Amino acid sequence: MRFERREHRPLALVIATPVLAVLCALALAGVLIAIAGAPVMEAYWRILVGAFGSRLSATETLTRASPLILTGLAAAVAFRARLWNIGGEGQFYLGAIAVAAASSQLLGGLPAAVQIPLLLITGAAAGIVLLLVPLWLRLRFSVDEVVTTLLLNFVAVLFVSMLIDSVLKDPMGFGWPQSQPVADAAVLPKLLSRSRLHIGLIIAAMLAVLVHLVQSRTVFGMQARAAGLNPAGAVFAGVPLGRTLVTVACISGGLAGLAGALEVMGVQGYVTTDLSPGYGYSGIVVAMLANLNPLGVVLAALFTAVMFVGADGMSRSMGIPSYIADVTVALSLISMLTGVFFMQYRISR
Amino acid sequence: MSVVFDILASAGLWAAVLRIATPLILGTLGALLCERSGVLNLGIEGIMTFGAMIGWLAVYNGADLWTGLLVAALSGGVFGLLHAGLTVTLGLSQHVSGLGVTLFASSFSYYVFRLLVPVAGTPPTIEPFQPIDVPMLSSLPFVGPALFTQTPPTYAAIFLALALAYVIFRTPLGLAIRMTGENPHAAEAQGINPMAVRYGAVVAGSALMGVGGAFLTLSAFNSFFPTMVQGRGWICIALVVFASWRPGRALLGALLFALFDSFQLRLQTRLSGVVPYQIFLMIPYLLSIAALALMARRARVPQALMQPYRRGER
Amino acid sequence: APIKVAGIHASPVENAWNSVLHKALQDAAAEGAIEYVFSEGVSGTDYPRAMREYAEQGVRLIIGEAYAVEKQARDVAADYPETAFVLGSSGKEAGENFGVFGTWNHDGAYLAGMLAGKMTKSNVVGSVGAIPIPEVNMLINAFAAGVKAVNPEAKHLVAFIGTFFDPPKAREAGLAQIDAGADILFGERIGTADAAKERGLKSVGSLIDYTPRYPETVFANALWGFRPILDAAIADVSAGNPVGKDYTAFGLLKEGGSDIAYVKGVAPADAEAAMEAKRAEIKSGAFEVPRITDEPK
Amino acid sequence: MTEAVLDIRNVSKRFGDNLANDDISLSLGKGEIVALLGENGAGKTTLMSILFGHYVPDTGKVLVGGRELPSGKPRAAIRAGIGMVHQHFSLAPNLTVLENVMAGTESLWHLRSGTPAARRKLNGICQRFGLTVEPDARVGDLSVGEQQRVEILKALYNDARILVLDEPTAVLTNLEAERLFATLKEMAREGLSLIFISHKLDEVMAAADRIVVLRGGRKVAERLAEKTNKAELAELMVGRKLSRPVREPSTPGEEVLKAAGVSVIIDGVERLKSVDFSLRAGEVLGIIGVSGNGQTTLAHLLSGTVGRDRGELLLFGQPVGDLTVDEAVGAGIGRIPEDRNEEGAIGEMAIWENAVLERLPRFSRHGLVDRQAAQAFAGEIIDAFDVRGGRPPTRTRLLSGGNMQKLILGRNLIDRPRILIAAQPARGLDEGAVVAVHARLLEARRAGTAVLLISEDLEEVMALADRIQAIVNGRLSLPIAAESADATKLGLMMAGEWNDEHEVPHAL
C-alpha cells in the first residue's frame, strides 16, 4: 500500500472529507459519553446548542475563535516559509504582558483612539522579539527552531509569572499573582453588550484576509513561499533569504503577540499565567487543519471553537465530566487531520 | 557561599537528585529513542499523564506495582502506535500530531480517571514502591544514603539509560535505528524496513514515556492528580536536545536538571525569597537552548528528524 | 423543592480546597437541601462562560472561586441579577447578588503550631506551600506564630513549590526541609506529609483531615469547613435575601467553620492542654489569631 | 551467453496513468556487463527498483538463479545477491563508512554488532577491488567519488553477485568514471554480473558487453556492443535520427564581461584564486574542469549569489561591485544553475511562478505580482521552447528533467540576454534533450549572446566553445582556441598541466 498525491481534488471529496472526519470524531466521543451513562443523541444535540443555541453560546464560540484565528495565522504564515514556529504560546503571553505593562505603566493616560493602536503594536512587537531570538539562532548558528521555539514558550510563561509576582504585580490583586490591569481606555469595545465578544474578532478576520492577500498577491508572499519550499532555489532566484525569514518571523510573532494583546484588552483585562488555554499550541493544529491557507484558518478556528465550546456546554448540561470537551476537541483535530490527509493523497497499491 | 557548599555536601540532596531525575530519565530516553529513528514525539506530556493515571489505576485495582508499570508501558505503546500511525504511515506533520496526542492523552486520562474513581476528598492511595537499600553499598558513608537507597524504578531507569546507550551504539538494531533517523532511504537500500523501525522506536519510546509518568504515581507519590505531570514531558524534549541525542548524556542531563531542582528547593528553605523561583525553573530550558547554539554547527541532529518517509517517493 | 446549586471549580475537585467545597455541596445534596451540578478544571478563559451558562440554565446559586477572574466574575453577576453568586475571593462583595468568602482556617493552623512547637526535638519545623498568595501566607504565618508562641527558640523553614498541583514536588520540598533539620512539617500542599511519613516524622495537614490517609504521620489538621458558609448562603437564597456580603466569618473557628482535628496523646499532655485553652479563648473571642498575609520568610 | 543469473520476465508497472514499464524482459549472464539505455523517464530506474524490491510490479516476475524473488522486499533481493547503487546516493552522512556498510547486514536481534569482523571483511573487499576508503571516516566528509565507492562497497559487502548501478557516472569526473569502469570490468572478470544505466554513449560503448534500450517504458532494442555504434543507439533511444549540433564559425563582438584577479573565499577556503577571463559577445567561452575545483563558485559569483573578496569585475566595460541577483538579471545576465532541482526550480511551485521568480521586479507593481503577465510569459516559454508536460499553473515537480531544463533555458533566453552563464546545462539529460539544449545555446550565440559554458563534459565543450579555459583548484588556465584543442590537451589542462609563461601581468 502506498499513498499517491492527488493532483486534482473533486469537489465532492472536498466536502465529504471534513464531514466524515467530524462524524468520526463525534462517534468516538459518543462512545465515551455513553460510557459515562448519558444519552448520546441528546449529548450531540447539546453540543450544537452549546455552540450556537443561544446568544451566549454563539458569542462565546466567536470569542474563543478570535485568538485561535490569530495564533493559527501565526503558525500558517511561518510554516509556509518552513519556519517552524512552535512558540505561539510564548509569543501570546509576551504580547499579553507587554500590553499590560505598557498600559499600566506608560500609556494609561492616553485616550483610547491613541492608546489602543499603540498597545496593539506593543503586543505584536513583544511577540516578534520572542520569535526573532530563535530565528537569529537559526540564521547565525543553524539551530533548529522547532525545539528552541518550543522551549521559549516555557521560558516566556515563567518570565510572565515572575513579572506578575514582582514589578507588575497588581497591588489591588489581593496578593494573587496577576498583572496590573490595562487602563480603562485600553479596553476594546464590545461587539455585543452582555457578552465577551469584542472587536478583536473583526481585527482577526481582517488580518486573515490581509495575510491571504499578502501571501497570494505580493512579491514578498511569493518569495516567502519559495524560501520555505527550497531555500537554495530561492537564493538562486534572488530571494533575500535572511530578510524574508525575518519578515516572516515579524508577521508570525506579531500575530501571536497580537492574539495575547487582544485577549488582555478585550477579555481578561490583566494577565495571569492561565490567560491562555493553550491558544498557541491549538493555533498550530488550526493552521494544519487549514492546510496553511489563511482563509481556511478562520474556518478551522471556528471549527475548533465550536467543538470546544459546544462540548464544554454539553458536559455542563448533561452532567458528565467536563474533560469530555478537551477529549472531543482532540479527537476531532486528529480525525480532521487524517481527513485532510486523505483529501490530498489517495491510496494505491 | 558556605550555604551552597552545605547543601551540596548533604547526602539528602543527592538522593533527591536521583528521585527527581527518574521520570525525566525515562521520558528523555523515550523521546530520544523516537527521535533517533526520525520521529519527534511531542505526545510525551500526554503519554506521561496517561501512564501516571493508568499505572496507578491498575495498582489501585489490585495489580502489583510492577504490573502497574507494565500497564503504563503498554498504554504508552498504544499512544505511540497512534502517533506512529499518523506520522509514519500517513506522514503527517510530526509536531502537530504530537500536540494532538498530548491533548488527547491527557484529557482522556482525566476523563477516564473521573469516571472510574469516585471522588471524595483527596484521591485514594496505593502502597507505592519503597526504597531498598542496596546491600553493602548503602552503608557506605555519604555515598550510601545518597545513591543507594532508592526505589527499584530509579535503579531500573539508570540501568535503562546505559542499556539504551549500548543498544544504540553497539548493536545491529541500534545501527538500523540510527540509519533510519539519518536517512530512511539508505536504510531501505540496506534491506532495513524504515517504517517498521520507526514504528518500533516510537512504540518502545512511548512505552518508556508511559513508565516515566507512572513513576510519579507509583513511586514519587501514591495517588494520581490531574495535571500532576506539570510539564515534565516538555523538559524531556529539551533534555534530548541538550544530550545531543545520546543516552548517556541524557542521563547526565536529567541528573543535572534534577540537581537544579533539588538544590533550588533546599536553597529556598535556607534563604527564602532571595531569587525568584521562576529563575531556577527557566534554567534547564535556557541551558538547552545554549547547548544547541554551541553544538549545532557540529550538527548531530538525526538528519531525517521530522521528515516523513514514504516508500517510492523521493 | 431543593434549590439548584452549581459548583465551578477551576481545579480538579481532588485539590484539597476544592474538595472541601465539593464535599460540602455533595453532602448538602445528599441531604436533599440542594440539587448540585458542577464543572471542574475550568480555566480562567472558560470560567465566566461556565458562570453564564449555569446562570442561563436557571441555577439559583453558583459556588466557586473568583481568584483568577475577579473582574469578569463581577461583570457576569451584574448581567444575571436573578442568580446568586458566592465565590471564594480575596476581594469584596458586589451588588446584591455577588457574595465572597475567604479561606480562614488559620485558627486551626495556629493551634496545630502550638502542638508542633512543643513536640519538635530539633527545634526546627517547616512549612511547604504552593505559591505565596495571601491566604496561603496567612496560614503558614499562623502556624509559625503558634509554634513561636510556645517555643520562641524554634526555627521555621518555608518553601514554595511554585504550583498548586505537583504532589511529588511537595514531597521533595518536604524532604529538603527534613534534610535541613525540620522534624515536623506543616503541609499546605498534599505530598508534604509523604515526606514526613517516609522519614518517620510527624506532619500537620491543612483544610481537610489528612489523618486517615497518613494515620501514623499526620497528628493534627487545620480544618476548614465550608458547610457553614454554604448553609448561610442557601438560607439567604431561599429566603430571597441578597447574598452580596462577605461570608468569610462563617468559616472561622469561632463560628464553627474551621477547627483543629488532632490525634490525642501524640503531643505532650501539657501542650494539648495549653492548646485546648487557647482554642477556648478563640471560641469565646478572647483571643484572635493574627492575620498576616505577607510572604513568610 | 553463459547461464543466466538474472531473469526479468514480462514486468509491467503503472504509476497513475503512466505506464512506466511495459512488459519488459531482460536477462543477465554470469560475468556480463549490460548497459541500460534510455531517455529520461524511459523507465530504467523503475525497472531496477522493481528488481531490487523498492517497487512491486503490477505483473511479471524476477528470477535470480532460476528462483523467483518475492516482490517488494529489498531484503530478499539483497539475500539473493543483488546489490544496487542508487541514482541518488542512499547514504547516511553522519554515520561512518563502516556503519553505512554494515547496517542491515546482521540480524537486528543480535546482541552485539560484529564490528571487528566487519572491518576485516570490508578491508578485504577494499583491497581485492582496489577501492580504498577509510572505514571510520564520516561519510558526509567524503568526496562524491568516495561516496560512490562506499555505495559499491555496500553492495559488495553483501556478497552481491549481481550489481546494479543507476547512472553511476552522473556525478563523477571523467577520470573517476574511467577508474570506476576499470573496477567494474575487474569485477566482471571475477564473475560478478553487472547492469549499469547511463546516458553517456561513450561509456556505454566502452564498458558494456550488451546494451538494452528502453523507450517509453518498453524494451525497444537489444544489441551486442561490438555490433552497434553511437549513432544507432542514439536513434534507438529517441526513436528518430539525432545528431548534435556543432558551432559554426563567427566573429565575436565587443568584450562584455571581464574578470581580473578575482578571488573568492568561502568559509575560510579560497575557492577562486585570482582568476582572469574575458568574455565577448557572440562567443562561447568554455570553462572545463573536474568538479570540485571551483566551478560552482565561479557560476555563483557571476550569477550574483556570492560576493568576491579580491579583484575586479567589469560588466560591459564598467566595474561592478558585489553583483546581486536582481542586478545580474536586470543587466541581462541569464543564469542556468548546475543543479536544476536544487537551485533551478522550486518543484512545489507552479511553472509560471518558476518562470518569473528571479525576474519579479519586471512582473510586479508596487510589490504586487502581476499574475496575468507572469502567466503569459510562462506560456510563451512553454510554446517557444517546447516544454512538454505542463501548462503555466502545473506544479513544476511534475516536469521531467529535460523539460525542466527547457523551462530554465527558456526563461533566460526568451529575452535575448547579453550574457548567459550556463553551468552543466546538459548534465543528466538524455540524448534528445542534450541536442535541444545545445541547439538553444548555439542559437543564443548566433544572436550575439556571450555564453560562459561551465562543464565537465569534454565532448560538450569541444562542440560548443570558441575558446576554452580549464579550472583547477580554483585557478583558471589561459584560454586556448577550440581549434587547437583536443581531448589529450584538454585532459592535461584539467589535470593542471598548462603553461603560464606568457601570462601577462594584470593590467589593472
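Going in written order, the chains are labelled A, B, C and D, and every chain counts its residues from 1.
Everything below uses one rule, namely that a contact is a pair of C-beta atoms (placed from the backbone, for glycine too) under 8 Å apart; a residue touches a chain by one contact, two chains touch by 3 or more.
Just so it is clear, the model here is predicted, and its values are computed rather than measured.
Under the contact definition stated at the top, the chains bordering both chain A and chain D are B. Comparing the centres of all chains, each the average of its CA atoms, the largest separation from chain C belongs to D.
Centroids of chain B and chain C (each the mean of its C-alpha atoms) stand 34 Å apart. Chain C and chain D have Cα centroids lying 76 Å from one another. For this pair, chain A with chain B, the centres built from the Cα atoms lie 28 Å apart.
Chain B and chain D have Cα centroids lying 46 Å from one another. In chain D, no residue touches at least two other chains. Under the contact definition stated at the top, the residues of chain B that touch 2 or more other chains are 110, 226, 278, 281, 311-312.
For chain A, the set of residues touching two or more other chains reads 165, 321, 323.
The full set of touching chain pairs reads A-B, A-C, A-D, B-C, B-D. Of all residues in chain C, only 12-16, 19, 22-23, 26, 41, 126, 157-163, 165-169, 171-173, 175-180, 190-191, 194, 198, 208, 210, 213, 295-297 touch chain B in the complex they form.
Interface residues of chain A facing chain D in the complex, by the touch rule stated above, are 4, 7, 217-223, 225-226, 229-230, 232-239, 348-349. Contact residues on chain B toward chain D in their complex (touch as defined above): 170-176, 178-179, 182-183, 185-193, 300, 302-303, 311-312, 314. In the complex of the two chains, the chain B residues touching chain A come out as 40, 42, 82, 86, 90-93, 95-97, 99-101, 103-104, 106-108, 110-111, 114-115, 226, 231, 234, 237-238, 241, 276, 278-279, 281-282, 285-286, 288-289, 292-294, 296-297, 299, 301, 306, 310-313.
Looking at the complex, you find that chain C touches chain A at residues 37, 39-46, 48-50, 52-54, 56-57, 67-72, 79, 89-91, 131-134, 137, 293.
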